[in-house]
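In what follows, chain A forms one complex with chain B and a second complex with chain C.
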Partner chain A sequence: MDFVQHILNGLLQGCILALIGLGFSLVWGILNIINLAHAAFIMLAAYVTYFLWSLAGIDPFISLPLTMAVLFGLGYILQRYVINLVMGATILTTFLLTFGFESLLVNLALRLFSADTRQTKPIYANASFSIGPLYVPYTQLGAVVVALLLTYLLYLFLDHTRTGSSIRAVGQDRVAARLMGIDIGRTYALTFGIGAALAAASGTLLSTTSGFAPNGFSAFNVLAFSVVVLGGLGSIPGALLGGLVFGLVYEFGGTYVLSQRDVVIFAILILVLVLRPTGLLGREGYR
Partner chain B sequence: MNLLIFVVGTGLAIIAARPLSPPRLRRAATTALIALMVIAPFITSSTSILFDALTAMCIAYGWNIIGGFAGYAAFGNVAYLGLGAFVAAGFMSRQPGHLAWPWFVGIPLAVVIVSLIAGAVGIVVLRLRGHYFSIATLGVGVAMPQVITSDAAFGSHGLFPNFFGGGLPLNFPLADDIRVGGAVLDADRFFLYGLGLGTALAGWTITRLLARSKFGYGLVAIRENEEAAEVMGVNTTISKVLAYMLSAALAALGGAVIGYKLTNMTTEAEALFSTTNNLQMIIICLIGGVGTLWGPWIGAFILFGLQEGLRVVSSSAEFLAWQGVIFALLVVLVVLFLPRGVMLFVATRTRLTWRVFARNLVAHRV
Partner chain C sequence: MRGMYYPGHGFRWLPSALAAVMLAACGAPASAPAPTAAPAATTAPAAAKPTTAPTAAGASSGTFDGTLLFGAPISLTGSTAKEGALTRDGYDLWRDTYNKAGGINVGGKHYKIETKYYDDASNAQQSATLADKLINEDKVNFLLGPYGTAPTLQVSTVAEKNKMPMIEGNGAAESIFSQGYKYTFGVLSPAQNYLRGVIDLVLTLDPKPASVAVLTADDPFSVEVADAAQKYAEQKGLQVVYSQKYPNASTDLRAPLTEAKGKNPDLLLNSGHLQESLAIVQQAKELGFSPKGFGFSVGPGTPDFQTTLQNDANYVLGGVQWTPALKYHGDDLFQTPEAYNTLYKQTFGYEPAYQSADATAVGVAFVKAIEAAGTTDQAKVRDAIAALNFMAFYGQIKFDERGINATKPMAVEQWQNGRRVTVWPTDVAEVKALWPMPAWSAR
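After this line comes the complex of A and B, so read on.
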């Protein structure tokens, strides 16, 4: 039964990883930016949630839209007024730039919030219900519901709205999209903002399921990348699948193989990149 | 005094780097610069920050080979920096179960071992390009500290029991003071500084030889257009792996010497594998000029000169706390406004005006 419990834990965890991968995948697929500040966005959102809860007593699941809106704003402004200025330069430029943002945000957080481990703990934090011999914590279940809901909403938005279509158009062909009258700079900013908002959602969820500190997030960049690479770039179901697979890997790798989970994840990443660079469900990414 | 050394050193390096000045002047400036660094410990009371600058420079020279010459943006060299320190400590430690070899055996051996490991990693990750390569190397940086502390390989029942301490503290032996006649030369101020200077000169010499060699031109060709380089007869795979190994070797060399000074590896592991170290080598190259001989030297002296200057004007503990923030801000600003670094002004006839800083943005905005 232990085994089934591990599978369940892995899938629950995997939904959050899928959400992390989703925002990362969107920014990468449309803007061709590897957003290394993604982990920092997750971290910031965790702190926003934590402070809203500890100072104002707002439940993390209620403050979720607010946190997402804050991070959307930050992402929009960053892309619109900074990253857009160097979008035409080599990929190394945006890579380094977001790397700079990442360490800027992490170091600022270390200075302002200290390196103490914190956790958002609403009253139901440690409660769980059981199905037979299996335990499901309420926060984990809530996280799964939110993650799946947001994934579905993103799909609806990209596929069934005018703005969503313009985002996909810019991702496919920037020049043609501009000829069709799409404001490229604004679309980029919007996409980056949505990516940040999705990161924010996962940050909120993570802050309720485990303790966090400013410098504990950097592994999420490699993780998000691995999720996207495994699932395939530019594919929403791919991100979901990649997330679930890595959730299981995280759970089982940590339990049975090596206590060093990141090593396992990194090994899988390399294997996928070398053997099947297009991922399980996707087209080949930008070079 | 240290600040003065940094300022004069930067000036001499700029003269030596300037292709427009006469060759004899450039040679004289190079000689003067090296002489200045050799006599530095006798004219300043503490060489600590000079040591930091020189070892960081060596590591930056390493990054410059793969990131600058070959154009493969590696983000995980910090792994080899830390690994170099740990392997060297494993050989040199005088604790029971260790070999207690002297530094001139332990450190070179560590460098060789680390570059072989980097070669094995490189064969795999160098099949990737662009984003994929960068993230894969970033993964190496994340995974390496975990591998080193893993019980499976280095724990008490592992493959190499206790080589990296296996839960016990791992220490470099304390460096001895040198006695010349009756005078005692302090180990930190003279001996370790000498090692630091040695690493910087090693990085500089290797880059100098590389920049004028067929191998170096091959790397630049790979940076500009890999397919074309292949067609022109450059063996791109071998060149890339060799460049990656060289880069890791210099990182390991700098790391081992830094570790020798820090002494206790167990408590300093986090500092060695830190993002600050990872960022530092890249920011040094960026400030100076990526893919140039004098870029890392100028970049390191400017960066650490700034650091020393700030320390002089503000209280040092306060500044140290904000160091990470300042570094990150520097990366953002340099990437945005001066991607070619100071070399833009040194190597070309560009004059220092506000317009120069905006040029990058005007050229590349959406």
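After this line comes the complex of A and C, so read on.
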């Protein structure tokens, strides 16, 4: 029965990982930016959620759209007025720029919020219900619903709206897209904003499952990166699959080779890169 | 393919990007603050805290015959920023309290205590670099320890090389003291004592536990604590049914907890850090894992443990270096743990964690040694530190030949109804330990 619980743990955690990877994947795939400020966005969203809950008593699942909107705004402004200035440069430039944002945001948060551990703690936090011998935490289950819903909405948005099409067009060929009359700078900002909003959703969910402080988030950049590489860049189902596979590997790695868990994960990552460089569901770009 | 948005660019640069991300991730604490370390060089608390040198000196600045500069690299940012701040506050309280009372008396001359801190960003190498800077550029008279075993280990080498006496209060691994160094002293009880109190305590309780599971972070200090605890538990007749190491700073411990739950131990021991202790209690609850008790080496002693876990913190046991409930009567300005507690709360507005008391005890030991030596000469002060034997508000301070404060025992605290109370050793215990912990479903 432990085995089934392990699978459940892995899948529940995998959905959150998928959500963490989703925004990262979008920004990377369309803008060709490896956004190292992604984890800082998650952190800021956790604080927005925490303060809305502790000061105004707003339930995290209700404040979620608001938190996403706040981070969308921040992401939009950062891209529109800062990152857009260096979009013509090599990938290393944006890499360093977002790394700078990360440092800035984390240290600002340390200054403003201190290193005290916080947690958004509605009454159902860390509580669970059991189905026979299996335990399912409420917040993790809620997180799964949110993650799947947002994944589906992103898919609908990109595939079935005009704005979504223009985002995909810019990702495919920015010169042609511009010739078709698409405002590239605005589309970039929109995409980066959506990436930040998705990060925000995962930040809200994470703030309810465990205690957090500003400096505990940087590992999520590596997680997001791994999920995207595993699942395949440029694919929404890929991010979901990558997250789930990662969650399971993490759980079973933790069961059998706990102290070497990271070794197993990165060995699998390297193996995927060698055998299937585009990831599980990814596809080679046009070039 | 459905759901596809094509990447505009191939994967040719992917391997280098992967390497870069991993480097950035691993090196983040090291490289991120490096450029800022110098400007951020903190006597920063001066800006933030009311209890700084100027105010302290205000009363009696005319009466000092000189100053003694004490330097420390401390983790004010990074993974142990919280503990670093507690350490700094402990040093500050010592400085201000002694300065108000006339500073350090060296052969009739009164020296004012000054401190200089640099932020090591929780990075051990950085800590060593900054210690070197403190000694050779800032010309500190003495070195106070950083926060954490790894930084302390690194800094001890720098101190030894420069023949600079260092007393530290926040690195307890015996590996620090097994290098044959002569200039590093630690006021803490050694690692092997950390969970011993918890084991001794639970064996006196009814129903008597028969089995134990041990989870430990894989850093050298945590492993040392866990190994000693496991050996001690076996000696005392407890059966160790599950024992696992996890990568340092893991906060998803559902997998090992599910395994441990399957073994149904009476007691779960963890040797790790605050964030891990929080994760263990929360995830054990989520998984419906209810041993008769939880015992942690680190975590419950920090106020964050209760503010984060709230009612779930109840029943949890933790080994502590020091608690305000202990009945020591010290030969120093703070005198008793209770008086220290009161003064600390007045000054900073929150209750001291043991990390703060550790730091303050470091300062007290320095004052005792310098006054005994009657000189500020570093070699002579070093000898005076080695010869110290006195009772502080913190407990007995007497270093063995390695520099460890080996005679000081550890206490055990338990969270009961949102209060942290001392439950072991019995002669100073405030109340009886609550045992066994009811199942999560019954709480």
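The rule is short, and it goes like this: the second predicted complex is superposed on the first by the 274 of 287 C-alpha atoms of A that agree within 3 Å, B and C clash if a C-alpha of one lies under 4 Å from a C-alpha of the other, contacts with A are read in each partner's own complex, and residues count from 1 in each chain.
We take it that a residue touches a chain if its C-beta (ideal position, glycine included) is under 8 Å from a C-beta of that chain, and two chains touch if they have at least 3 such contacts.
Predicted model only: the values in this text are computed from it and were never measured.
Peer 1: Answer with clash or fit: chain B and chain C placed together on chain A by superposition.
Peer 2: On the superposed model, which is not a single observed complex, chain B and chain C clash.
Peer 1: Taking the superposition on A as described, I'd like to know which of chain B and chain C A:250 touches: first, second, both or neither.
Peer 2: Once the two structures are laid over each other on A, A:250 reaches chain C alone.
Peer 1: Once chain A of both complexes is superposed, is A:188 in touch with chain B (first), chain C (second), both, or neither?
Peer 2: first
Peer 1: By the touch definition at the top of the document, which applies to A:95: first (chain B), second (chain C), both, or neither?
Peer 2: both
Peer 1: If we overlay the two complexes on their shared chain A, which of chain B and chain C does A:225 touch? Say first, second, both or neither.
Peer 2: both
Peer 1: Counting residues of chain A touched by each partner, does chain B or chain C come out ahead?
Peer 2: On the superposition, C touches more of the residues of chain A.
Peer 1: Give one of first, second, both or neither to describe whether A:82 is in contact with chain B, with chain C, with both, or with none.
Peer 2: In the superposition, A:82 contacts chain B only.
Peer 1: Kindly classify A:234 by the partners it touches after superposition: chain B alone (first), chain C alone (second), both, or neither?
Peer 2: second
Peer 1: To test your reading of the overlay: chain B has the stretches 20-28, 56-64, 128-136 or 236-244, and exactly one clashes with chain C. Name it.
Peer 2: Superposition on chain A puts chain C right on top of 128-136.
Peer 1: So chain A touches chain B in one structure and chain C in the other; where do those two contact lists coincide?
Peer 2: Residues 28, 34, 91-92, 95, 99, 103, 107, 110, 215, 218-219, 221-222, 225, 229, 258-259, 262, 266, 269, 273, 277, 285-287 of chain A touch both chain B and chain C.
Peer 1: Going by the contact rule set out above, which residues of chain C touch chain A in the complex?
Peer 2: 1-11, 13-15, 17-18, 20-22, 24-25, 28, 32-33, 77-79, 81-82, 85, 122, 218, 244-247, 249-256, 258-259, 261-262, 274-275, 278-279, 282, 285-288, 304, 307-310, 312
Peer 1: Touching chain A in the complex: which residues of chain B?
Peer 2: Touching chain A from chain B are residues 73, 75, 124-125, 127-132, 134-136, 138-140, 142-143, 146-147, 149-152, 275, 279, 282, 286, 321-322, 324-325, 327-329, 331-332, 335-336, 339, 360-361, 363-366.
Peer 1: Which of the residues in chain A come into contact with chain C in the complex?
Peer 2: 2, 5-6, 9, 13, 26, 28-30, 32, 34, 36, 91-92, 95, 99, 103, 107, 110, 114-119, 121, 126-128, 130, 135, 137, 140, 155, 158-159, 167-168, 170-174, 209-211, 213, 215-216, 218-219, 221-222, 225, 229, 233-237, 250-255, 258-259, 261-262, 266, 269, 273, 277-278, 281-287
Peer 1: State the interface residues of chain A toward chain B in the complex, per the touch definition above.
Peer 2: Interface residues on the chain A side: 28, 34, 82, 84-89, 91-93, 95-97, 99-104, 106-108, 110-111, 184-185, 188, 215, 218-219, 221-222, 225, 229, 258-260, 262-263, 266, 269-270, 273-274, 277, 285-287.
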